[in-house]
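Read through the structure below, which is laid out as structure tokens, and then see the notes.
A, B, C, D and E are the chain letters, set down in written order, and residue numbers restart from 1 in every chain.
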Amino acid sequence: MKLNEEYKELAWQGLWKNNPGLVQLLGLCPLLAVTSTVANALGLGLATLLVLVCSNATVSAIRQWVPKEIRIPIFVLIIAAFVTCVQLLMNAYTYGIYQSLGIFLPLIVTNCAIIGRAEAYASKNPIKQASFDGLMMGIGFAAVLVVLGAMREVLGQGTLFDGAHLLLGEWAKTLRIEVLTLDSQFLLAILPPGAFIAMGLLIAVKNAIDDRAAKHQPQVEEQSIERVRVNFES
Amino acid sequence: MAFWIASSPHNHIQSQTSALMRLVILATIPGIIAQWYFFGWGNIIHISLAVVTALLSEFLVLSLRNKPIKTELFDGSAILTAILLGICMPAIAPWWVTVIGAIFAIVIVKQLYGGLGHNPFNPAMAAYVMLLISFPVEMTTWLPPLQLVSIEYTFADTLWMIFTDSTSLGYSAEQLRTHIDGYTMATPLDTLKTSITTGLTVTESISSPVFGNYFALGWEWINLGFLIGGLFLLAKGAIHWAAPFSFLASLFVCSLIAHLISPDLNPSTMFYWMSGATMLGAFFILTDPVSGATSVKGRLVFGALAGLLVFVIRNFGGYPDAVAFAVLLCNMAAPLIDVYTRPRTFGHNVEMK
Amino acid sequence: MRIAIEKNAKILALFAIACTAVVGLTYELTKGRIKQQEQQELLSTLHAIVPDDAHDNDMSAHCISVNDPLLGANEEQIAYLATKNEQPIAAAITTIAPDGYNGKIHLIVAVNVDGSISGVRTLKHKETPGLGDKIELRKSDWIKDFSGKTLEQLLSNRWAVKKDGGMFDQFTGATITPRAVVKAVKNTAAYFNKHKTTLFEQTNICGADE
Amino acid sequence: MTTLIAILVLGLIAAAFGALLGFASVKFKVEGDPLVEQLDALLPQTQCGQCGYPGCKPYAEAVANGESINKCAPGGEDTIKKIADLMGVEPEPLDATHEQDNRPKVAFIIEEDCIGCTKCIAACPVDAIIGAGKQMHTIIADECTGCDLCVAPCPVDCIEMRPIEQTTKNWQWDLNSIPVVELD
Amino acid sequence: MQSIINRIENNQFWKFHGGIHPPEQKFLTTNKPIRSLHLPEMLIIPIQQHIGVAGDICVNIGDQVLKGEALTAPSSPMAVPVHAPTSGTIEKIALQVIAHPSGLSELCIFLKPDHKDTWRERNICADYKTLARNEIVHKIAEAGISGMGGAGFPTHIKVDSKPNIDFLIINAAECEPYITADDLLMREHSATIVQGVNILKHLLIPRMVLIGIEDNKPDAIASLKKATESYNDIHICVLPTKYPTGGEKQLIRALTGKEITSGSLPIHQGIVMQNVATCFAIAEAVIHDTPLIKRVVTVSGQGLEKPQNIWAAIGTPVKDLVALSKSLQAADKKAIIMGGPMMGFTLPSDHVPIVKTTNCVLVPSEKELALENKEVECIRCGQCADVCPSRLLPQEMQWSAKAKDHAKLKELNLFDCIDCGACAFVCPSHIPLVQYYRVAKAEIRQQELLDLKAEKAKARFEARKARLEREKKERIEKQRKASEARRAAMEEKSGEGSTAKSAVAAALARVKAKKAQGKDVIEDPREAAPEKDTQKSQVAAAIARAKAKKAKAQQNEPVSPEENSVHPDEQVEAEKKSTDAGKSAKVAAAIAKAKAKKANSTKRDVETSETNKADDSKKSAKVSAAVAKAKAKKLQKEIGAEEQQPTPIPEVDKKANVAAAVAKAKAKKQQKEVGDDEQQPSSKPEVDKKAKVAAAVAKAKAKKTARNVTQVAVEKESMVEELQSEETTIETTTEIIVEPDDKKQRIANAIAKAKAKKQQAQPIADMASSNEEELPKEDNKAVAKKARIAAAVAKAKAKKQQESN
């Protein structure tokens, strides 16, 4: 029961409350750079997710043996190793998406969300929770990527899931949806400035939802607490 | 019996922000007339379109923000922004471009930053830049001056064109834009830039009819119109002299040096002054107090920087005109300029004589 | 202090070794597959610009290194050679259009021995999406216009975009990108024509290691 | 082979850097926690204990260790904002349980009722009460922080908290607070 | 320096940055002569009308005063006296709304004129040069002259400065619109003004005297020129009209080109500035021995039928002046501004009196001044910065003020703002900038004060902590030594050193000590202490000490110096540490006051004890009543804790009164020592039963009863207490009279009272339980009566018991 609660809280934190993309604003560089289409966003999201889960699990597993002073280099080593592996694997098996993600794949190493989680959570918690945290944070991050990608793709190209087959195989060509037929593309959405604006709007929407939720929540009247007397003699 | 309580001072100059805005709007008229004379009804249609959209979106945001609609909606700032945006539009750009631009200017650039007085960027220029990079095709549908058109078009044609993409007679934008000599129209700045990239010299390039007899057919008169409007504002004290002065001076100096060094690659200074949006930028955009520097020294720096940027971007950048980009860059620099040009407070750091 | 130093050094070294080992292992495992993927990609490109039936050699395994200012930049470029019965047929030369709107455009240009263009493809570019990216086959067929253009056309004044009085369309709103590509193709063809005799005699650098 | 070399090289580099870090960790160890001092400096030093800690310093320590920043009632929103700035977190509204009349006050001893029990003297965290057993006590208003800790111990309820009176000297230019005289 | 003089002599002056040209509106009053003095029905004279401190009032209500008689006496150099503007009677001395923007009240003297206008004795001094320098300064101080331009700085301080004065500047700029008081004064009394200037010159010996005057006062210039014809060293400097030329720093800049460094005074750069009206007052004071009792006030504005300048007596209510000039304003909507339109403040009442700094009363018509607030957003037009005479950045300060960014405001030199209002005047967005700055300035000052206070509080807190720590250590040390000695003695005596036995003995001793403390509070714990074991003596000692203290409080013993007087001593020490001599004096004073009061009361005690027994005991009765009340209250509170305690108290029957004390002590101990023990759920029904029985018997088992009481009667506590304090105080009084000197008796009494209170509460509890929760007020009264009776019965019983014991 208690463990369940903990997982619930972890999921809530990762997916919404402390979302790495929207709240912690970590890993903005790939977030803004590759989200011009859903397919790209999904590719990077999944790669990040994979690395995050693996690194969290590993960091958690080795946490007892890592001295405080060298923990960061070790985390970096682990993350770098995973990222390189993922990159190699993607190169080998999803060549198309590997090409379109380009430089941003190795840049996952420097995605602060990953080292952030390793430092803030995984290095202090058992493997199960740490992996779960990695999963949730990864999904949260990937979700933001995908939503941003969808926003920009629809506005910029009028499509959704364009090029998904590069990631998911030939069957995914059927996923492509022509949402709007635009005479001319709204280039701003595809260009980096558009990514910033879309991201800003996304954060604003999240904050607005949170505010509304906070307003609807009835104020819990707390009990007044005992005052502590600064009295040395009683 | 109630006594009236207020803070001093108890009397006040009678000028008002909205009056200032109205004056600036009034001053755009000569330029708009010149534009109408040379390029037809297109801009006036765009201006009206932008004004309507801007007011609607301002109304919407103000009511969402629970602001006093009556005073803020008609303080003239939204209308002025819309007019400036409308002036910048190519005459037969599709209607939705202007609408998107006006909404962007008001909602994103102005109100999202906190409304009048809080926007770090000039809304009209930010919207124009947004449109330019988003819809490069639509934003370069320049018309040739009326003297050079191959197909005569009327007000109705223009209206038709803007809203349906073709005139009532079925001419497309492409056809309208064709000169009498068969070339598709570009602005003089664009033409010059293209010619120079293909290896022509300035003298060879400006033989094209778009340059007219002086500098840039039509554009020179439009610029003159805005210059007159600007001088009127200066005379009225509605704008400060520093920014336009240093902007024009800096542009003059830069282009003069370039022209002297390599006359084949650089047109004359007067061409810089009299083409593109130079005068509009100098007197109506750079003088926007909200997004500019505040002190006199700061404004001088601000204008000079803008002039330099206009020259650099026009010459080395990808886009033919540069006023909007230069203004945005300077807007970004304005707070910094302000910090470094802060006047010495009376009684501080007094030099001992 | 010594204990701390020793301990930290040992642990960090251990992790480094372990991590590198994992990466090394993955690399070893995926090496073949990656090579194959790249090869396949190259082959499909080459196949698209030099028809299969025109030659009988494995072009991807027959290449030479070339370097010339005409190829855009002072960089090593690769020319894949097509031969039939040991006779030169065509060469697919990677080249760079340096004056793209957003930097260099990487192209591969296949030129027949008679000087005509067999095909052109864009390998890599950073042109504005929606405008300049029409040089990509995915977005537009424009790049196919080059196929089959003859030497005469190449040498004429008409080898330019329409705006400059030539025969190639520019895209609406963007002149710089097509202009750059047209120019790069012309230069590459010129290079080939100048050096075609020597090209086919250079030593193969591709097939050697496998 | 290359892989092996890579492993070896990285292992060596890591060992070297590990040693360096080990050295640094011993050599440049930082003692103490300056954050607590900074936090303590922001607190109003009323030592009132309303935060649930016996004094301002303990609360500063607690905040440094993750206690919520919104428990200082005498400091009010201003202090919370400053702490938030220092800690790099979002300011929170004052804890509801601490919401109270925040006007500055001073304790006042009703002298007729004072029996001179010295209890309030013992309770005062800043020694702002003077007096002796069986002697009437009095409060040094200038030193009183308004913590009201002396009110509860008083056996005869002769201490009350009085808001600091507004005078022309400490008036804050609040035009709305001006009492407009209603005549006739 | 010489170049400056040359330039001045050539009438080439400097310019200061900014400035504005508001509509002058001086024509309303310039062409009318100053209307002569008019005495109102009542003069209201605020005792402080200047910067600094108020003097001490030296008249009483009902006193007859003569014109020119001082009403206050300066208590410090920064104080100036106020004088009676006419002869009359002091009606009252009370708080009254004064001429301050806050509309707050301060102490004022109300003088009812007798309309005889009788002067006090005056020493007319024809030639001031015969007087010594300090005599003149003294005369100026005595005359109550403070700067009449606006700030109101005591003039005698300004004129009594060290030598090396380069410039004496007479401020005649009067740049504010509407105001013509100085203008008219110069026209009508230029000779006197020049006399005043000469006196100043005599005192200060400046290199040059400059009279700065704006060019919109040609008549005044002419008149001054005429009056100064014979003086070469007085220069009339005509400056272009620009607001705020009259600002001190601005005028100095305009006349001499010097910039007064921020934070310093003009005197630091060899410049003294005086207002023309002040010069006039100086001449009057020195030559005619006339204190500052009247001044010229411009009463202007289009809301008046007859705007004019008036010689107004200090203390004249604004209402009278406005009435003299015939207000046109609607009766229900009034706007009166004291001062000019740029820097004046609105008055919340027209009863506000004219003070020494009042130069104008403005009664605007409705259309004349922009009354409604039309503030819109700042568009950063920068006009405010263009006009700011201090070269500040008003709009940036405005943003920071709104954001309450105090650090930024200080960086922007907010405190160099002179509140001139030029920025707000030109602001096209109609932002009340000055108001923002004032609020920000006040907040910053307040914050600085708070920071200072926090700093001080921290120091005191730490000092106290250190002291207590030290004391505790000393105590433990003492105890340790004592017990060591004891043990040594014991070991010597018994010769048995076995550890087991000593442990048992120690435990026994502890129990004993506890019992001794509990049973007999009167016993000095220090006697019990020696029996204690060293191991746990720390806690026990602390408790014992607390008890001893309490016991003493109950015994009403004279203070033992080492116990209670420690605190004040320490405080004085702490004070000394903080190096604030003034404060330690304050502390000493407070102690003295406390002591005096105590002495007084004891004295009275002694006196009255001989004559009136009831009176005699009243005080001590009060004390014991208070103690008893406190105890009862505490008991009630502590019962909750007692519920944890499983052991009942067997001795209740024996000594109910003592039991109460024991219970209390134990409860306290239990709270501390047995706090971790498991709680035993209290059996309420049983308790109820017992309680009822106890109530019936009236010989309550104090503890249990109290336990019951708390359960139900806590809500009624306040009421009970009220009753108790009313009723029992008197009752105990009578009891105490019987044996007032017997300490034991007194304590017994107190305990009895506590019991009584409990008893009182008991019936209420019963009632409450029967009448559900809520009792109507009338019922309460009935209950109260019952309680009183019960209390009386209980008390009687307690007394009996005491006697039998």
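Keep this in mind: a residue touches a chain if its C-beta (ideal position, glycine included) is under 8 Å from a C-beta of that chain, and two chains touch if they have at least 3 such contacts.
Quantities reported herein were computed from a predicted structural model and do not represent experimental measurements.
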{"item": "Any chain in contact with subunit B as well as subunit D", "value": "A, C, E"}
{"item": "Chain pair showing more contacts of the two, A-C and D-E", "value": "D-E"}
{"item": "Of all other chains, the one whose Cα centre sits farthest from subunit B", "value": "E"}
{"item": "Longest centre-to-centre distance from subunit C, chain (CA-based)", "value": "E"}
{"item": "Most central chain, judged by mean C-alpha position against the global CA mean", "value": "D"}
{"item": "Separation of subunit D from subunit E, taking each centre as the mean of its C-alpha atoms, in whole Å", "value": "24"}
{"item": "Where subunit A and subunit D are represented by their mean Cα positions, the distance between them in whole Å", "value": "38"}
{"item": "Whole-Å separation of chain centres (CA-atom averages), subunit B against subunit E", "value": "61"}
{"item": "Multi-partner residues of subunit D (each touching 2 or more other chains)", "value": "14, 17-18, 21-22, 25, 47, 55, 122, 125, 173, 175, 178, 180-181, 183"}
{"item": "Multi-partner residues of subunit B (each touching 2 or more other chains)", "value": "1-3, 5-7, 136-137"}
{"item": "Multi-chain contact sites of subunit A, meaning residues that touch two or more partners", "value": "67, 69-70, 73, 77, 184-185, 187, 191, 232-234"}
{"item": "In the complex with subunit C, residue positions of subunit B that touch it", "value": "136-137, 140, 184, 194, 197-198, 318"}
{"item": "List of subunit B residues in touch with subunit A within their complex", "value": "108, 130, 133-138"}
{"item": "Parts of subunit D lying in touch with subunit E, wherever the complex brings them together", "value": "40, 43-47, 55-56, 78, 111, 113, 115-118, 121-122, 125-138, 140, 142-143, 145, 155-156, 166-168, 170-175, 177-181, 183"}
{"item": "Subunit C partner contacts - residues on subunit D that touch it in the complex", "value": "3-4, 6-8, 10-19, 21-23, 25-27"}
{"item": "Subunit C contact footprint on subunit A (complex, rising order)", "value": "36, 62, 65-67, 69-70, 73-74, 77-78, 80-81, 84-85, 88-89, 91-93, 95, 156, 184-185, 187, 190-191"}
